[in-house]
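A, B, C and D are the chain letters, set down in written order, and residue numbers restart from 1 in every chain.
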Amino acid sequence: MGGKIPVGVLGATGMVGQRYIAYLAQHPWFEVSYVAASPRSAGKRYREAVENRWLIGADIPSGVADLPVHDANVFREAAGQCAFVFSALEMGKDEIRALEEAYAAEGIPVISNASANRWTEDVPMLIPEINPHHTDIIPIQQKRRGWDKGFIAVKPNCSLQSYMIPVHALRQAGYPVRQMIVTTMQAVSGAGYPGVPSFDMIDNVVPFISGEEEKTEQECLKIFGTVSGNKIENAALPLVSSHCNRVPVIDGHTACVSLSFDLPDGKKPSLEEIARVWTAFRGFPQEAGLPSAPAQPVIVRTEPNRPQPRRDRDADKGMAVTVGRLRPCNVFDIRFVALSHNTKRGAALGGILNAELLKAKGFFDGL
Amino acid sequence: MGGKIPVGVLGATGMVGQRYIAYLAQHPWFEVSYVAASPRSAGKRYREAVENRWLIGADIPSGVADLPVHDANVFREAAGQCAFVFSALEMGKDEIRALEEAYAAEGIPVISNASANRWTEDVPMLIPEINPHHTDIIPIQQKRRGWDKGFIAVKPNCSLQSYMIPVHALRQAGYPVRQMIVTTMQAVSGAGYPGVPSFDMIDNVVPFISGEEEKTEQECLKIFGTVSGNKIENAALPLVSSHCNRVPVIDGHTACVSLSFDLPDGKKPSLEEIARVWTAFRGFPQEAGLPSAPAQPVIVRTEPNRPQPRRDRDADKGMAVTVGRLRPCNVFDIRFVALSHNTKRGAALGGILNAELLKAKGFFDGL
Amino acid sequence: MGGKIPVGVLGATGMVGQRYIAYLAQHPWFEVSYVAASPRSAGKRYREAVENRWLIGADIPSGVADLPVHDANVFREAAGQCAFVFSALEMGKDEIRALEEAYAAEGIPVISNASANRWTEDVPMLIPEINPHHTDIIPIQQKRRGWDKGFIAVKPNCSLQSYMIPVHALRQAGYPVRQMIVTTMQAVSGAGYPGVPSFDMIDNVVPFISGEEEKTEQECLKIFGTVSGNKIENAALPLVSSHCNRVPVIDGHTACVSLSFDLPDGKKPSLEEIARVWTAFRGFPQEAGLPSAPAQPVIVRTEPNRPQPRRDRDADKGMAVTVGRLRPCNVFDIRFVALSHNTKRGAALGGILNAELLKAKGFFDGL
Amino acid sequence: MGGKIPVGVLGATGMVGQRYIAYLAQHPWFEVSYVAASPRSAGKRYREAVENRWLIGADIPSGVADLPVHDANVFREAAGQCAFVFSALEMGKDEIRALEEAYAAEGIPVISNASANRWTEDVPMLIPEINPHHTDIIPIQQKRRGWDKGFIAVKPNCSLQSYMIPVHALRQAGYPVRQMIVTTMQAVSGAGYPGVPSFDMIDNVVPFISGEEEKTEQECLKIFGTVSGNKIENAALPLVSSHCNRVPVIDGHTACVSLSFDLPDGKKPSLEEIARVWTAFRGFPQEAGLPSAPAQPVIVRTEPNRPQPRRDRDADKGMAVTVGRLRPCNVFDIRFVALSHNTKRGAALGGILNAELLKAKGFFDGL
């Protein structure tokens, strides 16, 4: 593994932390050298800390199984042991925000999966295919905070990943979106572990996920926003209204989307044009050949009954979004169904892609 | 059982037919005296015809178990054996339409669950709480067709039952609806038996039900229509766009609804007013005390995570609609979640309520 | 409610406690007058204490919704407010044992669902169809402990309820059982709430339930035991080996049973004789007409694919056991599949039947 | 693909046939050159023949998508187009037997997944780790039948694959098994497509799979049998009694096994010895380095709650068996839980491993 960049995982014993460790096992650029979790796990070997709590089919990667688990609160220990950390912390929001800032202040960049810093105005919320230029805020962030090498970058909520790249591809092709009504059917792995009780999920649907609709509606505006002065300014559109549901699916969030364009009728794209735009779309990760990037970010299926979570979630390593059922909407302009893998694209692999973006942009040079 | 009205069930061995038979077992007005199915079941006792195919937990009602099964195609046999028939036929649409007409021509009223005659212009599509006055078309139907006592009345698709009564209650209170975007999460029992393969429903969602979105979008316009001359004329609104999904739930269709009112802003009802309208709503079945009518057709729940299919589908014998999560919509005026039991309100019990409506209106007098 | 016996429920806010309250709502003999739970619920109205945690479809019974919740640890408060208590306490085993004894010492009989006192040698573990005579230990228990009116009686684990009555019926008919190998497929409601994570139950089976196999194997020996001196002495047979699995089912435990008789070959019953014995079996609850007793405790089904949890669990109010697939065993004498409702027969309704048994035997006279 | 052996797939459009095609896409020795199905698919391109019926997440392999589909009944067409065929035919048993014989008579070896020829006395039923020497019957089969190059070899039912290799490893280590009582919890993919209705699998277990228990009990005796004269003679032991259940799991059959050894008490192995035997076991496929062979055929897990289908079915490409919960049995000697992937090890990949065994033994030389 000579030459790989040593990385840390905060919250390494939780469900998302475990996935970071599993997905990084074969990574060509990064290798896990540091794991940290709650004080109750600190001092154990990683293998012991997750005993009977390892949730992934594949075994614990051998390179990590014997690493000592550090106390995530003792951020100074990480210095010198890893070039940056992935944050999969599970604590109160204020604690996470403070702790991520402490790591950054210590000179350790933080690539976070948590929601705590998503609305910090100088922290970029990245989907590398959409807003790779939002990394421009990082030097500003460092300067304002007086941080030398550390910084914080976050990824958005998993619930909007299925339709954001398709909407971005349309915007970029000259077809901005005005209004969207979205209903999601979200997998239980999105709630962590133990997460949703099986008593609530067998022969049932729960039409509510606390805080999720607000995230879905607001985060898209920051992602489509612009770096302006010392902060990222939200876009004005699209206006989103969402219904978020939990359904008995292990992995894969499905979204039913109806949308209207912000265009006069004569300028609106045909269904064929939309499918063409989606199929042809490529972003920075594809151009830069980032290792976790899907070859084709948006896969358009034409079968009448796709996408389906179990069949489509793993498309291109679980990093491609699958779109289907593209058809006119009786009320808005078009409707379609979009699907993405919530724990791959939507969580740990998405975080890894962010790290790859940052490396490609030189943010880890000299660490 | 002295004095009960003898009724027939066509398609008696299928899933919906079995439910008619189960639900009628304790009915105060009707008793099953005649069962008919495909030629391959004809000649058997009902008990034998459904051997190893009886899908309901409770046993076959003893009064029906030993009835001989007739060939549903031989409509003449029914005459004199029942006052009217419930049609749960499972055949091609054209065959069903022809056969239902043949029964009616023979003097046997047909209360149908099938979709074949839903768009026949002089056939009422009834939800007794909404359009009981559409029975006014029946004498016209009889006259046009030259039918003496027979007629056809149908019920709409199960997918729209959860939100139609709430929307009707609003219309009736002076709050007409202009646009609706609806996403349904529908139970597998709606597909009959064998229906949806389990290979498609474990750890999965199927975002497509053939023909269902069209039914959802169009049937509401006939239900809200008016009897005019020789036919029922569609209403112009609401304009509906729907996404229909199959989810791993046994019974109970859930709908996420966003809607806009056809009113100037100052006239739009508050959320409190809407909840009040729904809770207070009563229709013909409640006023007439029909035996299968729910006491309160719309139940408004205020818990953050209701309605849920397994907990709410059986509200008031499975005949009440449960509404929850009433809140403002970012794009339209309001959004909410609605739920109804697809095989009770949405199929067999709904058909029985239609028969009760018709009896209360005198259509079976003298049969 | 004039004349009903006032009863208390300890652990009233948990899943089993809620079921006691729901099932007692219509009880002809008992009415809930007292509810107690953890200190954190104490002082609230019951309605508030279970807000957003009421797990049952039907609403909170109106007679209980406004009762004040007492601290279950303050056992003295119960005196004078109820004739006896149902214990659905969820605490450490030692705490439950001590607390149940404190209530009994205070003069309040305790009918317990908990496992804490199952192996207390002078406490009867009752299935009213099998060992109603074990109530003979109660006066001995009271005398030894110096208790006046209070006493403790318990019910066994839910996992063995499906096959214990069938095995008892065989024993009583002269066909004692020597060996049993049992594999259970148990519903998630048996684990309480939140219980089993949905992440473990979608597209999965968990072949382990902590402590369950031991309970299954040992409790049957006490139930088949005899009151002897100051205690209940275990039976020597049957020798049971069990495999307990959790499966994605809401309610209803299914058991696959292979068993050998403790009889010479010529004396072993035929399959027809066994089915006859099971169908004809009646016990004390049937003879005494206890209100929660099923009319026929063991229902034998002859369809090739029954019993199934969703179709058979609710047989006779969820209190009958359903047996099917009776056939010869290649290794032992016979094999069959047995099913019972784990939260009705196996928990709260089973506890209520125990109370009915005790009332019928006069144990609540003069309370 | 120069140098790969061209192979055919009969029944190529069914669920097992599709899996053969998917799993062979990357095979180092074989490439699909010929696909055949029912007359109704014949004449289409494979891509068209499975349109909207392709059940696997990954897309149709490009090398197969445009192959013409032949009529499987016209066995002469296959000659010259493939060296041998995998039979995944779905027809009546007699038809399959006749058709497989016709292919063999035509000079085309048939590696079959079907049950039709499992009990043909000169046809080997192979699990390559257990009875690779049963291929010795093939020259005898060819001679008796007058077949030149063609022959038939089959694989056993998927339900017994999870415990046969563990039992074989014990036999081979000197610990023969006398009696086994087995309860299986089987995945729905084992029933093909459409297979089990979702109405039977949501919130349910079906304790019956037609014919499965008999297969489980009898096939093991042929697999452990010996080639003797013109046929394979069954072993006398173990005596197996099984309960086969269908559970809501997509892939992976789980078996709860209790067994007794055919040894005096003092000779019986300890649990440690058994775990050691299993972990150390290697068979012909491992020694010969067959491409689809798992590195370690039996994986022993020590966590209390493993194996679980979703977590363990894919161990070592879905070809390793996972065993856990090894513990003493109260009635027999030991009990444990075993799991294997029913559509990989238990069906298509198992068939491919059989073909690899036959190639390694020289049976395809000169074809």
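To be clear about the criterion, a residue touches a chain if its C-beta (ideal position, glycine included) is under 8 Å from a C-beta of that chain, and two chains touch if they have at least 3 such contacts.
Source: prediction; values computed, not measured.
Participant: Return the chains shared as contacts by chain C and chain D, ordered by label.
Facilitator: Touching chain C as well as chain D, we find A, B.
Participant: Have a look at B-C versus B-D and report the one with more C-beta pairs in contact.
Facilitator: Of B-D and B-C, it is B-D that has more C-beta pairs in contact.
Participant: Find the geometric centre of each of chain A and chain B from their Cα atoms only, then give the gap between the two centres in Å, rounded to an integer.
Facilitator: Taking the mean C-alpha position of each chain, the two centres sit 43 Å apart.
Participant: For chain B and chain C, what's the span in angstrom between their mean Cα positions?
Facilitator: 40
Participant: Compute the distance, rounded to whole Å, between the mean C-alpha positions of chain B and chain D.
Facilitator: So the centre of chain B lies 48 Å away from the centre of chain D.
Participant: Check each residue of chain C and list the ones that touch at least two other chains.
Facilitator: Answer for chain C, listing residues that touch two or more other chains: 200, 202-203, 248-250, 304-305, 310-311.
Participant: If every chain is a node and every touching pair an edge, decide which shape results: line, ring, star, complete or other.
Facilitator: The chain contacts form a complete graph, every chain touching every other.
Participant: In their complex, what parts of chain B are in touch with chain D?
Facilitator: Against chain D, chain B makes touches at 55, 188-189, 193-203, 248-250.
Participant: Would you tell me which residues of chain A are touching chain B in their complex?
Facilitator: 179-181, 183, 185, 200, 202-208, 210, 217, 239-241, 243, 245, 247-250, 254, 256, 258, 304-311, 324-325, 329-332, 335, 337
Participant: With touch defined as at the start, can you tell me which chain A residues reach chain D in the complex?
Facilitator: Touching chain D: residues 52, 56-57, 202-203, 250, 303-305, 310-312, 314-315 of chain A.
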